[in-house]
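To start, the structure under review is shown below, and the notes come after it.
Order of writing sets the chain letters: A, B, C and D. Residues in each chain are counted from 1.
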Amino acid sequence: MINVRTDLAVEARELYKQINKREADGIISEEEEIDNIKVTTVTIVNEDGAAKIGKPIGTYITIDIPEFTHYDGEIMDDVSEVLNNSMQKLIGVNTSKTALVVGLGNWNVTPDALGPKVVEKLMITRHLKAVMPDSIDESVRPVCALAPGVLGITGIETGEIIKAVADKIKPDMVICIDALASRSIRRVNRTIQIANTGISPGAGIGNKRMEINEENLGIPVIAIGVPTVVDAATIVNDAMDLVLDEMVSQSTEGGEFYKMLSNIDKNEKSHLIKSLLNPYVGDLMVTPKEVDVVIDSVSKIISNGLNMALQSNLDMDDINKFMS
Amino acid sequence: MINVRTDLAVEARELYKQINKREADGIISEEEEIDNIKVTTVTIVNEDGAAKIGKPIGTYITIDIPEFTHYDGEIMDDVSEVLNNSMQKLIGVNTSKTALVVGLGNWNVTPDALGPKVVEKLMITRHLKAVMPDSIDESVRPVCALAPGVLGITGIETGEIIKAVADKIKPDMVICIDALASRSIRRVNRTIQIANTGISPGAGIGNKRMEINEENLGIPVIAIGVPTVVDAATIVNDAMDLVLDEMVSQSTEGGEFYKMLSNIDKNEKSHLIKSLLNPYVGDLMVTPKEVDVVIDSVSKIISNGLNMALQSNLDMDDINKFMS
Amino acid sequence: MINVRTDLAVEARELYKQINKREADGIISEEEEIDNIKVTTVTIVNEDGAAKIGKPIGTYITIDIPEFTHYDGEIMDDVSEVLNNSMQKLIGVNTSKTALVVGLGNWNVTPDALGPKVVEKLMITRHLKAVMPDSIDESVRPVCALAPGVLGITGIETGEIIKAVADKIKPDMVICIDALASRSIRRVNRTIQIANTGISPGAGIGNKRMEINEENLGIPVIAIGVPTVVDAATIVNDAMDLVLDEMVSQSTEGGEFYKMLSNIDKNEKSHLIKSLLNPYVGDLMVTPKEVDVVIDSVSKIISNGLNMALQSNLDMDDINKFMS
Amino acid sequence: MINVRTDLAVEARELYKQINKREADGIISEEEEIDNIKVTTVTIVNEDGAAKIGKPIGTYITIDIPEFTHYDGEIMDDVSEVLNNSMQKLIGVNTSKTALVVGLGNWNVTPDALGPKVVEKLMITRHLKAVMPDSIDESVRPVCALAPGVLGITGIETGEIIKAVADKIKPDMVICIDALASRSIRRVNRTIQIANTGISPGAGIGNKRMEINEENLGIPVIAIGVPTVVDAATIVNDAMDLVLDEMVSQSTEGGEFYKMLSNIDKNEKSHLIKSLLNPYVGDLMVTPKEVDVVIDSVSKIISNGLNMALQSNLDMDDINKFMS
């Protein structure tokens, strides 16, 4: 039913509701507000719910980043704190458990570079016990990280690299950071989704085909994603829908014209979109002009929140001192 | 009449022809093909022509970059050679005349970084006569270059910086390189426009308000531009037009519905586009995903062609050796 | 007398004292300590003092950055605050006076990129009164900025560009940021020098030949510099001196060998250094391996301190919000 | 005996000869000249030779890059061709064998970024048979690549990552690219060493502790290295030696002073060096100022030569077209 592209459970659920005029069975959704930051938890409780919105069973926490956050250090810290709290529920407080953090995406394409940029700012500690055993005690969780690149750069499925490294170094959990595609410009760089379901095939900007989840890796996989682009085809499709909706609202239901509109919608729309975006179909993205600045800011929010969640025995000052 | 955004004279002329079903008065257009590369010269000969297509009087040479050029060193060299020939006609062969090359645009935003990237690869020679007088003779043209940044970065109008420096060092000509906006995805990164009219207000990706031309600077100003983005609003507008055209073609001329369509077009379209692109109106761009790679390749084509055109007494080997 | 390379007044004074066993006439030096940060003010009060240590008459404030500062956000803030206080004394509190900040140096060479990196993080406001008059009042100082590049990149003397722009836009003061060379590894990335004398010829990493000072520009010029490299020749020279000193201390004063050592020092040393560093004489630099990280951190310290000093009516929160 | 730092077999052999006044047993050295490019092959034939120059048994091919190559496209191509020929002897012509290329080093530190930069420019093909089976035939060798980063960035030994991935995807050979340390400024960025012995512990700029060789990975490992820095301690040590040599040559053999010089050499030198380079001992590097430009050029030479060697059935035009 839903064939337009979204990596966000909260959008998939909204679309279902919009089309079916009711909440899907097997989906539970809760909202709360912390420090003026909206947090929505969508839980897909069974296969029925999973099928209806096209996402695996699991918990999806969505944090809405308030407007102008990227220019206000204080609100950025508040969002990091909310992310910290949400992550701690999934990670747990036992800091003897090793985390492997994976920054997915292509560092050469600004809106796909979110994962690698987060990984750059993490507190990496797994090697320290070997390098300087005296300065490290149990309160510091072992954290290691990779930004493996994308298939076109490595010639290796990203999932293969992650599985190989995870099998070798045996972490207790994998945390993946990825740039996502949204259906809505409104959500671009403004939403953080945390899911305990890992990464599904086809998610992310670069149409990755890997499945990075607990079933494949044998350990829990938590995914943190932020939509950073909208497909050009989605924008164009939405534009056409808006025009058609406007037409329909002005025509008489059941009349000849009304029927014609339905026909156009079904037969011609995809053809029109293709002819418009040709010769670049599928390779175009829509992104804010200041994308570089915003990706920097979002990556800071996530790395701060993640550092705090992983190192729950340290405060921000300890973490900053440790970064040496 | 024409209010959709294009920086390309060749597009403005096509739009005029499409709407008015005839060539504009005061416009002369010629096409030739060199090494399978199409070169179109549009000359606006009088104020009438200028008004009709919304561009100043002058000569606009458009070079079409063949498909797949960015991956083929040989075709890249061919395009550089065509650019060299077109530029030499405008620059002249007197290599004692100093050129100031200006790379316009914001180096932090990939599709706006074209100008700064070209400037990086130029053969800079103006200072050499002072630094090593023996190794430099009359055959080498003095060339200097600036990438002044954009208003938001400097707090100074780019035109002010260029005028200040030009008044101080008194070059014989200014050559500006800029990333442009196109109406058509088909032209993005595939067209080089050379104009002897300088840069008009509002041209370029960043809506610059400067006018950098012979009238203001007192010396000839040649602009080299490449469209690297399409405004999201343009894509959406085109999508709506396609739908409306399809409607019109299926409705009876003069009928009630036909009239309604015209009304919608006029009254609702801009409102619909705004509601769709909100909250980012005006700040969204559509660009190919591999924009980083393509901008690198186009900047090499331009810098090679420009180095050859400026140093007409040297061959490519001399230029490469000089770059030390 | 002093022919070894240093851009720091505090080092030049130390060298003079070391060689002459007393303070130079015409030099006043004061030390204070703020928040455990040592601040040394060297004032050259007359031409005699200027000749003795090879620096122009004026005030040179040196801030010592404590060890490990680059990894501790809190100490970084303390150093920014000390810089803010020192700068405010030189700039004054009248925020209607426009400042032009110039980031000197080559952004392509990591240890020379300090100036451009500071400029990137400044609060740029000069254009805002035109762009959005309602949101700007008198409390905001007009600030503009340039990173003009170096002679080899532009073909234009950096001093010419700055003078051209300053003559055109008429700021009330110029503030230059530059990477310097030190005599001592101990000072590299650990010292900030603020001078009201501008930039002398030959200062900075790239051997610039410009003189950017009040005499040339007609307005006050304040220079902020940080040593980021030591010339390889300096290190080698120091190594030889250490060996020779050791020799001397073990030989009998006035003896034959003692004389020989003096001869070697004078006749052979520069020849030995050249033969050692050949074929790269003059182009080698010594720099810490983690130079990228440290330059980032120093540029943050300076940009924060400078933003506070320039915008004395705003607090850090206002400044962060403004950066939108 | 030899405790000064060099990663080059050719330097280790020279040092041995210099100290012992004869060639080491178990070492065979041959020189040839191709297109004015000197190629030296040092073969360590037994454990005796290995012990004498501190390198494992194997073949070390050293290509001397002629002066000014970095500014001359033609000579760059010649060096790539020589590298191609040397590599083909080690790789063999059976293009059905898969190669995993590993770019070692830290991309954030310019002189250590050589490996990652080479990997960026490789023709990656391993995934193409799956993605577009029709366009790929047996003539194209499957190539994949990784730039895993360094221990401080990932928290994982680089050798562990490579072994994990190699065990998982089972290539037929591993090719490592690494930035090395040289004893001599003269060799910096001017020497390419190819060795069939893999990477030894402690090699490379960052003091890696991994051993990446056939014994550990179970498949042949070829290492391509270029010295891009000299340790500051080496330069200082050499400076002291030069002074001491000069002293010795001026003193009477067997005399009191002659003896003193020997004492100084042994007892004081390392202390002097430490006091000089303190507080940065071990973390300082000496590098040409234009290091960014040169690393770019060397990485192009290597990637071109390696692409040709790996794809022996394709010519450079095919390779360029393929890069799409």
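As a working rule, a contact is a pair of C-beta atoms (placed from the backbone, for glycine too) under 8 Å apart; a residue touches a chain by one contact, two chains touch by 3 or more.
Predicted, not measured: the structure shown is a model, and the values here were computed from it.
Undergrad: In terms of residue numbering, is the interface formed by chain B and chain C classified as same (over half shared) or different (under half shared)?
TA: same
Undergrad: Counting C-beta pairs in contact, does A-B beat A-D or the other way around?
TA: Answer to which pair has more contacts is A-B.
Undergrad: With centres defined as the mean C-alpha position, give me the chain A-chain B separation in Å.
TA: Measuring from centre to centre gives 36 Å for this pair.
Undergrad: Centroid from C-alpha atoms only, then distance chain A to chain D, rounded to Å. What do you get?
TA: Chain centroid spacing, chain A to chain D, equals 40 Å.
Undergrad: Taking each residue of chain B in turn, which ones touch at least two of the other chains?
TA: none
Undergrad: Please name which positions on chain D make contact with chain C in the complex.
TA: Its residues touching chain C are 67, 108-110, 112, 185-186, 188, 205-206, 232, 235-236, 238-240, 242-244, 246-247, 250-251, 257, 260, 264, 268, 272-273, 275-280, 283-293.
Undergrad: Within their complex, state which residues of chain D touch chain A.
TA: 120, 124-128, 142-149, 151-157, 160-161, 163-165, 167-169
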